[in-house]
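Down below are the structures I want you to see.
Next, two complexes with chain A in common: one pairs it with chain B, the other with chain C.
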Partner chain A sequence: MLTVEGLKSCYGRIEVLHGVDLEVAEGEIVTVVGANGAGKTTLLRCLSGIQPVSGGRVIFRGAPLTAAAHGRAALGLTQSPEGRQIFTNLSVEENLRLGAYSRSSRGVRSDMAESYAMFPILEEKRHLPAGGLSGGQQQMLAIARALMARPSCLLLDEPSMGLAPLLTKQIFDTLKTLRDRGMTILLVEQNARAALGLADRAYVMETGQVIISGMARNLLTDPRIRDAYLGT
Partner chain B sequence: MSKWLQLAILAALIAALPLLFPSGYYYRIGALVFVNALAVIGLAILIGQAGQISLGHAGFAGIGAYSCALGPEWLGLHPALSLLAGAALSGVTALLIGRPILRLRGYYLAVATLGFGILVAMVIQNERALTGGPDGMAVAELGLRDLLRDLGWRIGGGEFWYAVSGIVLILGAWIALNIFDSPTGRAMRALHGSEVAARTVGIDVASYKLKAFVISAVYASVSGSLLALQNRYITPDVAGFLHSIELVTMTVLGGAGSIMGAVFGAAILTILPQVLTALADYEQLVLGAIMIVVMIFMPQGLLPYISRRLRRTGK
Partner chain C sequence: MDALLQFVFSGLTVGAVYALVALGFTIIYNASDVVNFAQGEFVMLGGMITWFGHDAGLPLMLAAALAIAVTTAVGVALNKFAIEPARGAPVVSLIIITIGASILIRGATQLIFDKQIHRYPAFTGENPIEVMGATILPQSLWVIGGAVAVFVALWLFFSRTLMGKAVLATANNRLAAQLVGINTNWVMTLSFGLSAAIGALAGVLVTPITLISYDVGVALALKGFAGAMLGGMGNPKGALVGGLALGLLEALTAGYLSSQYKDAVAFIVILAVLFVMPQGLFGKTSADRV
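Let's look at the complex of A and B:
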């Protein structure tokens, strides 16, 4: 579904991604874990087109990904950006409607009903400004909004950021449900334990490179990872 | 409040207010309010919806005003056509300068638009042979009143321009309210909230900023044209820096987020100086104080504040 080959990216003159290789197959959850500043978010920003790429290439559904950032949602690649980035001044429903911006308006209503079924609290607050939602609700909205584009691959940046453990679990359970329905998910997470527990495969990034990759289940018990990222 | 209700209230106010006018002079003030409100509605789209600032929109008002002055004088164009030509010229100018300028954000965008406005004012001031320079120039009569008189309907200049500006304002408000609730308006409000998120849902941020800039430029241009046509005389002040600031202040004071707030802000800042002339030397002081108080206690603007208050007491 998504193949990343030798991806490089710079902030100014400083290269922060030094050739990242990564593969996401259809229907799996792949997670990228790593410490702050490892380049995880930069990687996702490159995939969604917000960050310029200086080397390597990205292949999405068999074709090189060269569309501008705003053209990628229509291709089926949708990102839920870091820090949620919901439209705080718009209502919950308007946020969802905007999620479907890049596709035809047919079926928006039923997709919205599905979002509400997944996150009932959003339906309760659908006419309120999204800025008034709690952190967890905002995260639900960010995911629901991304799903409104009917993506074939969902990019999630730190969905657990700033959330209580219980809410994190709820969000991750939702991701599991989505996978069971056939969604492909690339999940960038700092919460390595939760991410590895959920994902099929995982990549560990450090200073702009992938240093370890493998089945998520195996990485959970890998001593190198236990020491550095799981703290046990 | 629904779109049609807002428009109905606006139309009713415009139609009913003359019943309270003690003299013909008030028609002139009313027409001035409508003309300013038109430019401010444009800015409400740019500032309130798309979240982009411009300190140079008087430049577009200047283009509109001088189009109506120069078109009939030098090209033999009918004043009404000159108004349309001015609007088109403003739109194209906004399209050309907007592309590079709107890459800038915040203060930088403010300074760049400021530069544009000053540039237009300077051209108007210095091309004496064409524009009469700082002395200004006379503007041709629109001719519609003569037409009405021939049809047997005599109407005074004040009343005529009150009606024309009022109708154009209602039209402008109707278009703006439609934009607000359209996918275009939602996209503008979205990029105002978060440009990154707007791009991830598929909104071409640069193109929507440009759209807002062009739309607001056309509003300002028509406003400038109407001002020139009703005053029958125009000076470079219409394109000046102070006029730009005035327009932005009206937008923010009334409530940049709402179209009716824009009309309200324009009304207050047009009428207030007339009322405050009674205070003579203290006029500017009081005006300044009112603006500071509004911005501190009602940062979202007057109209949103008032309507929220009303809703709360209504419950």
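Let's look at the complex of A and C:
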């Protein structure tokens, strides 16, 4: 589904991704874990086109990914960005409607009903400005909005950021449901334990490179990971 | 009573022009948080080009259509060559760019056309219509009607269409707008084109009453800006009400007090309103949670 080969990216003259290789197959949840500043978010920003790539390439569904950022949702690659980035001045429903901006308007109503079934609190607040939602509700909205595009691959950046453990669990349960429905997900997380518990495969990033990769459940018990990221 | 009605008529006419300028501000502000101080020049261009076309022998309606088309192109070019290259600069820098563009447009108009004051005939005759002892020019009805029609169209655009929501979304969060598939550069082009067209329409409609020359833009931009602030920046309803209220205030002050004080009174009232309601009459208070 998604192949990343030798991806490099710079902020100004400083290279922050030094040739990242990564593979996401159809129907799996792949997670990228690592500390702050390891380059996880930059990687996702490159994939969604808002961060320029300076080397390497990305293949999405068999073709090199070169479309501008606003053209990628239509190809089936949507990102729920770090820090939610919802449209705070627009209502919850308008946020969801705009999530389907890049596809035909057919089926938008039923997709919206599906979002509300998944997150009932959003239906309750659908006419309120999204900026008034709590952090957890905003995260639900950000995920629901990304799903409105009917992506074939969903990029999720730090969905648990700033959320209470109970809400984090709820968000991760949702991701599990999505996977069971066949959604392909690339999940970037600092909460390594939760991410590894959910994902099929995982990559560990450090200072702009992948240092370890493998089956997520194996990494959970890998002593190198346990010491550095799980803290037990 | 007759006098009051007369003042109200002239206030509504001037106010409708302010409202059209304020609506132009609203669109660009909604898409980019930028206050476009070249908005008054669009009004001036609308009037000047229509005069030029009509003077050259074109039918009035054709000259007006041409003026709106050319001004729209100027608006799009302003975005393309001055605002877009500076994307990423702070909003204040972009606002200063629009002030520079306004000076440039004014200078170019002075060179291409001239420094004289011009007018062309009213659309539907010059004979005032008598209403309950007061009179109103048919052209005033065109101006007021134009402002109301533009307001209704914009209101429907922002509240009912997906494209309108995309404009609001771009202003609210450019990054997220791109991620859902909105071409944000195109949204900017659209808003500058649309505002320029609305500004030009105001110029086309009002010139038979107030006359036109290359330097009327600055005052109009300031008045339109004041109207937009009074109503609440970014809200089409606020732009309409704010613009009309400003026009009425001026006309009533000029009528009952002295025309020398009309600007002063208008601005004192605006300051007083903003002192009590900093968001303007219809402005939204920000509801962001962090």
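The definition used in the following text is that the second predicted complex is superposed on the first by the 232 of 232 C-alpha atoms of A that agree within 3 Å, B and C clash if a C-alpha of one lies under 4 Å from a C-alpha of the other, contacts with A are read in each partner's own complex, and residues count from 1 in each chain.
To be clear about the criterion, a contact is a pair of C-beta atoms (placed from the backbone, for glycine too) under 8 Å apart; a residue touches a chain by one contact, two chains touch by 3 or more.
All values reported here derive from a predicted model rather than from experimental measurement.
A.B. asks: Evaluate whether chain B and chain C can sit on chain A together after superposition, giving fit or clash.
C.D. replies: Overlaying the two structures gives a clash between chain B and chain C.
A.B. asks: On the A-aligned overlay, A:Thr66 touches which partner chain: chain B = first, chain C = second, or both, or neither?
C.D. replies: In the superposed model, A:Thr66 contacts neither chain B nor chain C.
A.B. asks: Is A:Arg97 in contact with chain B, with chain C, with both, or with neither (first, second, both, neither)?
C.D. replies: In the superposition, A:Arg97 contacts both chain B and chain C.
A.B. asks: Touching A:Gly132 in the superposition: chain B (first), chain C (second), both, neither?
C.D. replies: A:Gly132 contacts chain C only, not chain B.
A.B. asks: In the superposed arrangement, what residues of chain A touch both chain B and chain C?
C.D. replies: Residues common to the chain A contacts of chain C and of chain B are 48-50, 68-74, 78-79, 81, 85-90, 94, 97-99, 101-102, 145-146, 149, listed in rising order.
A.B. asks: Across the complex, what residues on chain A touch chain B?
C.D. replies: Touch residues, chain A against chain B: 48-50, 68-74, 78-81, 85-90, 94, 97-99, 101-102, 145-146, 149.
A.B. asks: Under the definition above, what is the set of chain C residues touching chain A in their complex?
C.D. replies: Touching chain A: residues 162, 165-166, 168-169, 172-173, 175-184, 284, 286-289 of chain C.
A.B. asks: Please give the residue numbers of chain B that touch chain A in the complex, ascending.
C.D. replies: 183, 186-187, 189-190, 192-194, 196-205, 257
A.B. asks: With touch defined as at the start, can you tell me which chain A residues reach chain C in the complex?
C.D. replies: Interface residues on chain A, with respect to chain C: 48-50, 68-74, 78-79, 81, 85-90, 94, 97-99, 101-102, 105, 129, 131-135, 138, 145-146, 149.
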